[in-house]
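Pasting the structures in now, so scroll down.
After this come two complexes, each holding chain A, first together with chain B and then together with chain C.
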Partner chain A sequence: MRVWRAIAAAALLAAAPALLAGEIPIDARRSGYSFMGPDTRAMQDDDTSNPGMLFVLEGEALWGKKTGNAEKSCADCHGDARSSMKGVAARYPAIDKALARPVTLDQRINRCRTNHQQATPLLYESRDLLALSAFVAHQSRGVAISAGDDPQAKPFVEQGRELFMQREGQLNLACTNCHDDNFDRRLAGAPVTQGQPTGYPLYRLEWQTLGSLERRLRSCMSGVRAQAYDYGSPELVALELYLMSRARGLPMETPAVRP
Partner chain B sequence: MIAALISGSLAVVSVAKADELLPYNISGDGIAESLTGSPGDAARGRALVLARTTTCILCHSGPFPETRFQGDLAPDLTGAGNRWTASQLRLRLVDASRFNAQTIMPAYYRSDGLVRVGRNFADKPILSAAEIEDIVAFLATLRD
Partner chain C sequence: MPALINVPAKAKRGGVIEIRTLTSHIMETGFRHTVDGKLVPRDIITSFTCRYNGDEIFRADLFPAIAANPYLSFFTVAKESGKFEFEWIGDNGYSSTASASIIVE
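Right after this comes the complex of A and B.
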């Protein structure tokens, strides 16, 4: 009986996709939500108390507003976001065919602005860009993350994985040291999560505003006293892509709330 | 085991890059002599260990009833003075990777071999020699 079970388990292991050392098995992946206290969860769950929903509403207004020399709104090309944008954020960063490299949702929004609306790109972390990306990502709430599936994305996922494993900064720590090896523990009393990117852009109580995933990654880098990569840099995009592929199957939560 | 790992390393570490680092001798699994040549101050050491910017209690906990903000990524420091000599504690702070090559504990008195160090921190050790000595003096008092 026991032998059979062992053989069955071995067969299962052989069939499962190879897990690299230190990586979290699919069925053990957990959103940051599951590490939070009841108050923060309640704030995220109730749209009337979730401060991120204000940005979603602002984004909805911007979606319908004509801008740029082309005098076009997002809606003029994409129609009702509720159907046209459903599931889109769950696939980002995605390969841009013309650029032959991955772009983030923020970068995609700005490419639409420059190419189709003939408007100036919005600044990273500006209120309008956060609002638009929150509105678009909100249409994927509940959709399982599938970014990184595109075969063309593979080398960029791999680049992101290497960055995740790379120790850096004066404290000489890698993302994996905290988010693969030490989640569920406490850093200065605060829970360390798996660093899953399920809820971005999200409202951070500490920031008192909505912020992008790149802002979060840059603060982890400053935390280990490393030189943070610039917004939109290939390294941050690759890290973001790796994080999304690492979160495969987890549902999107935008806008999440975190302490 | 630990001793075996670092045995034979009776060597003078010559610090090439950072002028601020004082030279020190590793003998066996420790650094026997004070980095500054004089003993540290345990009271100052305690305050340093508790200061967030020193980073110890991000990961460690210890006999510090006055703060809730302690970590559990690393062993509790209670009794560290029973488990380790001052010489071992000094080497652990200077470069914990001498005890465990994979350790996540930063090397507090090293400034080379690091990647993408932030501008404000480049070419500086995390702690000064005097701060290391104060912390060693404090840890040595942690006996139960």
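Right after this comes the complex of A and C.
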């Protein structure tokens, strides 16, 4: 009897590493780019065939345009985005000192609009907001992601990690079940990636337009038949922060192209 | 609407050059419905033209099955230095232009 119990315990211990596969080792982290076919890669690599660059151009025009009651443009405070915005998107979502919680790049742009330009905030996924955040994030292309390094951000990274590990929806799946445990396999013919958010906002061929990481997260949530969190909700921001900290060190690609 | 044009800055006389154009447009097919059942009206680019120093060298008709932000690539012979002019025409009076210059040696 005692022998059998010892064998059972040994078998459980042997199986434990497989059950706790969990997080991807740092040197095995890969951008979604590496899961794409040669045609889609070529589309992203050439700035004159990457449709995301059209939004970057629009964003550049908006950057210099005066707006709101303050009659100020982004450039009036921040100057040339090529130097002032370099590396900024790689740090977002970042802690907002006044709010004492993390804000996404979209939320930062809208806070600037309401506080400094005295303009109305732009709607989530609106063309202007996507264009501005694509323009700002494009200045960080090639910069290593460092979001979540701020010690104040740690509890929010942890909240995001818990959400990532939490099963949800009628299919009862957590993000980790696909993106940690089963990447490089296929789901209905499409490659399952690691879910590293290196190129947002990105041009998704399926969407026929540019979209934010929140839109992508929400479509995964409806995919597992869960109720998606609202745009800008603390849960989505925490998830976004965890995903960015999980992609630590990978270079920014904005605007990426994905199938 | 912004457009991205790729024309080589310099070319040899008689050489074949590739021209690539990408423009911003939603290309709404006219076959889709909103959640409350209303038809979304068609809004597409219907025609694209390229002129080389005033002469039309390429024209394309576009249809609802063409994806958003149409990308067109074509070839021509570099005859002389000058200007390429591009024009996109579409539904609801849509019109957009762009240009690029080339030096032929």
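Keep this in mind: the second predicted complex is superposed on the first by the 238 of 259 C-alpha atoms of A that agree within 3 Å, B and C clash if a C-alpha of one lies under 4 Å from a C-alpha of the other, contacts with A are read in each partner's own complex, and residues count from 1 in each chain.
Just so it is clear, a contact is a pair of C-beta atoms (placed from the backbone, for glycine too) under 8 Å apart; a residue touches a chain by one contact, two chains touch by 3 or more.
Here the structure is a predicted model, which is why all the values come from computation and not from measurement.
Look at A:Arg225: by the touch rule set out above, it reaches chain B but stays clear of chain C. In the superposed pair of complexes, A:Gln170 makes contact with chain B only, with no contact to chain C.
Of the two partner chains placed by superposition, only chain C is touched by A:Thr209; chain B is not. By the touch criterion stated above, A:Asn69 is placed in contact with neither chain B nor chain C. Set side by side, chain B and chain C differ in how many residues of chain A they touch, and the one touching more is B. Chain C meets chain A in the complex at residues 2-6, 20, 22-24, 26-27, 67-69, 71. Looking at the complex, you find that chain A touches chain B at residues 166-173, 177-178, 181-182, 185-190, 192, 222, 225-228. Considering their complex, residues 46-49, 51, 53-55, 57-58, 61, 205, 208-209 of chain A touch chain C. Residues of chain B that touch chain A in their complex: 52, 55, 57-59, 68-73, 104, 106-107, 114-121, 124, 126.
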